[in-house]
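My questions will all concern the structure given below.
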Amino acid sequence: MAQLFYFADLFGVAVFAITGALMAGRKSMDLFGVLVIAIITALGGGTLRDVILGNHPVSWIRDDTYILIASFAALGTVAWVRMTQPIHEKGLLIADAFGLAVFTVYGTEVALQHNVPMSTAVIMGVMTGVAGGVMRDVICNEIPLIFKKEIYATACMAGATVFIVMRLLATPPWLDTSVAMLTVLGIRLAAIRWHLSLPQFHLLDRD
Amino acid sequence: MAQLFYFADLFGVAVFAITGALMAGRKSMDLFGVLVIAIITALGGGTLRDVILGNHPVSWIRDDTYILIASFAALGTVAWVRMTQPIHEKGLLIADAFGLAVFTVYGTEVALQHNVPMSTAVIMGVMTGVAGGVMRDVICNEIPLIFKKEIYATACMAGATVFIVMRLLATPPWLDTSVAMLTVLGIRLAAIRWHLSLPQFHLLDRD
Amino acid sequence: MAQLFYFADLFGVAVFAITGALMAGRKSMDLFGVLVIAIITALGGGTLRDVILGNHPVSWIRDDTYILIASFAALGTVAWVRMTQPIHEKGLLIADAFGLAVFTVYGTEVALQHNVPMSTAVIMGVMTGVAGGVMRDVICNEIPLIFKKEIYATACMAGATVFIVMRLLATPPWLDTSVAMLTVLGIRLAAIRWHLSLPQFHLLDRD
């Protein structure tokens, strides 16, 4: 089970790194920039969570598999695009939803192990899932997409909440993990399929 | 006294969250984006201070009142604007000055408790007061206002310095806290009233 | 030796602070903004490294010489430009390459002292060298230069790698430090002299 989760986590890292590399490509960055943006996108959320929780050492500090996977995914993306292969946008979105589900549930669990209040654990789960993408967008000088587009973080909030409630009910670990991940995945895929969005908040700029 | 300070701190959190929600509205973010920007604005400065000081657990991690207050303030702001109520800009600026005063003095005190050099304590006080607003502006793709407009951080520097000097003189806690907060508040209100600014540094871009 | 390295470190802080102050001037910030951007540019990389490693207290927290040097360098830059003295761009680039070399080697050494995997130590060295500049550019609303222009971070990667390999070979400290610093310096100066760049990754925006 832990083994399975580790591989799922690495899969999430790879997918997030690919989205980072693609954004770096849109900004015409050089190879180093592509690597950095990919690594930040893939590992930024978990790092922020660990630093705020004081959860040392941070995962990629003690196990360099994370950095290696993110780097290979980034370089692979560049090679793929150079060979003028098309990016399968839909496939990437679905893979991203899967990575999001893994990251969210993992982040919530780490927070619970630190005995934080439940609302804090939800925030830690969401942060693990989305903060890497926010850093990617901020460094690339874009307003973070997840604050504007389809339901994304909301899926994380729902998944983290489901996970915590099931933990309170003392369901077996394989069950709460699976149900919580399916919650994130289901909401996210539905949002992609039917273009669901949260209401926006427009305020006229009067400055 | 500690009780009073706690409520003042929560008041500061609410006010900062409102300024974050309004900025998110200017960028047409969705409800989740409004929540996140509000929380980051309200708690970003203190979080950065605690993480740099190694002061774990971070306040909102152990006490989820902070997150709840920031969230309610953000949602309240959205509801208020939806009901087409006007934003009382002047009132908000004055409330913001009060929150700034509380955050600055609190941040300076936390730093002093960690036995840092005095100049570091001043920087920690300023950071607690202004870093949340800087994060808000950076994520919303704006150059931070406080680096350009009326005297803002300078008020924090003055208040933190007054606080440290009075601590050295061993004045009673209620006195140094009050005088330091009134220093921040007084300078900031004067800056708003008479549009006081620091000199700017213009450098022609020759790139 | 440690003494010498300390002074080299402070020299790096001063140079990085100057590049921060100049960028703040291009954005017409006020004096406080100039100070903050200068300090973040000079100390941001090392702070991020220490926070992620859990290496408390952060250097400038326990020794306020760092903040003072950065502040003086920033204010000196403003005074210099006010007196309409020209900025010696070439000299600044060379000084920056020297600061980069010091920061990179120091960052790699701190990471090795924490017994991290070697690839992590390389990343920590690069992060120490470049993250301050990245923060400067992000706060000033620019896409970080180092992701687009001449070879910069690549020089750090090479220097950090050389340092680690020589440590493995147990060469004397003065030797591995010097050779690693000269590696960074040499690659960076060559890149400036002949405008060497990494290949860029262009991806058409199809959104």
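Details
Each chain gets a letter, A, B and C, in the order it is written, and its residues are counted from 1.
Just so it is clear, a contact is a pair of C-beta atoms (placed from the backbone, for glycine too) under 8 Å apart; a residue touches a chain by one contact, two chains touch by 3 or more.
To keep track of the chains, here are their UniProt names: A, B, C = Glycine transporter domain-containing protein.
If you're wondering where the values come from, they're calculated on a predicted model, not measured in any experiment.
In a homomeric contact, the two copies may use the same or different surfaces; for subunit A and subunit B, under half of the interface residue numbers are shared, pointing to different surfaces. When the CA atoms of subunit A are superposed on subunit C, the rotation angle comes to 120 degrees, reported as a multiple of 5. Centre-to-centre spacing of subunit A and subunit B amounts to 29 Å, using the average Cα coordinate of each chain.
The set of subunit C residues that touch two or more partner chains comprises 51, 54, 138, 141.
Listed in rising order, the residues of subunit C touching subunit A in the complex are 51-54, 114, 116-120, 123, 134, 138, 141-144, 146-149, 152-154, 157, 197-205.
For subunit B in complex with subunit A, the residues that touch the partner chain are 21-22, 24-34, 36-37, 39, 47, 51, 54, 56-58, 60-64, 67-68, 78, 81, 138-141.
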